[in-house]
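Each in structure tokens, the structures are laid out below.
Each of the next two complexes has chain A plus one more chain, namely chain B in the first and chain C in the second.
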Partner chain A sequence: MTNRIAQLRKERRISQAELADAVDVTRQTIISLENGRYNASLLLAHKIANYFGMTIEEVFLFEEEEA
Partner chain B sequence: MILKMMTNHAGDYGKNLRQRRWAFLAILAIGLVGLGCYLWLVPGSGLSDHAQGFYLGGACGITGAGLGLLMRNEWMLRHPEKWRKARIQETDERSQRIVAQAAQLAGVGVFFLQALAAFVLVAVDRRLVTVLLCSMAAYVLLFLGGRLGLSRKL
Partner chain C sequence: MKERLKQVLPVLGIVCGAVLLAAAFLLDESIPKELSGALFGVAGVLMGLGATGIFMDAAWRKLSEDERREAERGEKDERNVAIREKAAYSSWYWTLYLLWAAFFVTLFLGSGFPTALVSVLLVLHCVFLMVNMGRWAKRM
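Let's turn to the complex of A and B:
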């Protein structure tokens, strides 16, 4: 699973700390999500997508072969 | 119940802190009882110096841990402005997953080390092997109990 968090964050000039604070996680979690080292839970994915005003599918890109 | 009290992060963080106070007081009480036993019961018991030292060390460690946790908790209760950051640190899902996986690895690692040690120690002292096997049996029972409880809950 990949995601567009870093891209969306940069487009909107939001820092990792601001995003982390808004979705109630640590900045380290945002860094790991952006690097693809960690996959968000459904709840966190929902919070992040909601923060950007988008759907989960628009932020998190699920690759079929992972299923 | 204690585990639920210590790990329940939903809802009011202040309420969680107040609930944790009782758990930390219980830890402190266990340590103080241990210290009391060391001061009043151990001197006339004929225990070896090594056993007495172990008793004192254990009691001091538990008392210190209980006191430290209680002081930190009380300090946190008096500083509500720090609650949000502390709650985020405690509930961060990546941190929780890291802790859970580390605990899983440690549990499995200790189990296999105990099995290895049991094979080596069987030639040295059967009492040590019995202790190791009891510890491994406790691990298996706790694992099965946990699995049963969680399978009903999740």
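Let's turn to the complex of A and C:
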């Protein structure tokens, strides 16, 4: 699973710390999500998508072979 | 109330530990060696836990409001929770391998009681896993 968090964050000039504060996780979690080392839970994915005003599918890209 | 308890318990631990330590020294000759050892052991544990509690409390007080909020967030952060769970999972296997190693060492040394003891620990180690799996299966 890949995601567009870093891209969306940069487009909107939001820091990792601000996003972390908004979705109530640590900055390290945001860094790991952006690097693809950690996959968000459904709840966190929902919070992040909500923060950007988008759907989960628009932020998180599911790849067929992982399903 | 909870905060007060957090402050009182470590001090109480040190006081109880000191009392047990003093008792172990004073009663040195008049009590069995095993009891003396147990007194020293429990005193050490209580004083160690108490000192750690006081140190942790002092470190917590030094943190700013933002740092405290960050530390609290870190406690329930889902990635940190996942890390703790994965670490606990692999620790279970490492403990299992160590117990198997200890089992074979005692077996080759031909010592009866340690082999039986390690066998019991091996079984308990696996039983606890199964019991907890059962508990979590009911909850999820």
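To be clear about the criterion, the second predicted complex is superposed on the first by the 67 of 67 C-alpha atoms of A that agree within 3 Å, B and C clash if a C-alpha of one lies under 4 Å from a C-alpha of the other, contacts with A are read in each partner's own complex, and residues count from 1 in each chain.
We adopt the following convention: a contact is a pair of C-beta atoms (placed from the backbone, for glycine too) under 8 Å apart; a residue touches a chain by one contact, two chains touch by 3 or more.
Fair warning: this is a prediction, and the values are worked out from it, not measured in the lab.
Undergrad: Between chain B (first) and chain C (second), which, if any, makes contact with A:Thr26: first, second, both or neither?
TA: Both partners, chain B and chain C.
Undergrad: Identify the residues of chain A that lie in both the chain B contact region and the chain C contact region.
TA: In the superposed arrangement, which is not itself an observed complex, chain A uses residues 24-26, 28-29, 32, 38, 40-41, 43-44 for both chain B and chain C.
Undergrad: Going by the contact rule set out above, which residues of chain C touch chain A in the complex?
TA: On the chain C side, the touching residues are 70, 73-74, 77-80, 82.
Undergrad: Mind listing the chain A positions that touch chain C in their complex?
TA: Touch list, chain A to chain C: 24-26, 28-29, 32, 38, 40-41, 43-44.
Undergrad: Would you tell me which residues of chain A are touching chain B in their complex?
TA: Residues 20-21, 24-26, 28-29, 32, 38, 40-41, 43-44 of chain A touch chain B in their complex.
Undergrad: In their shared complex, at which residues does chain B touch chain A?
TA: 87-89, 91-95, 97
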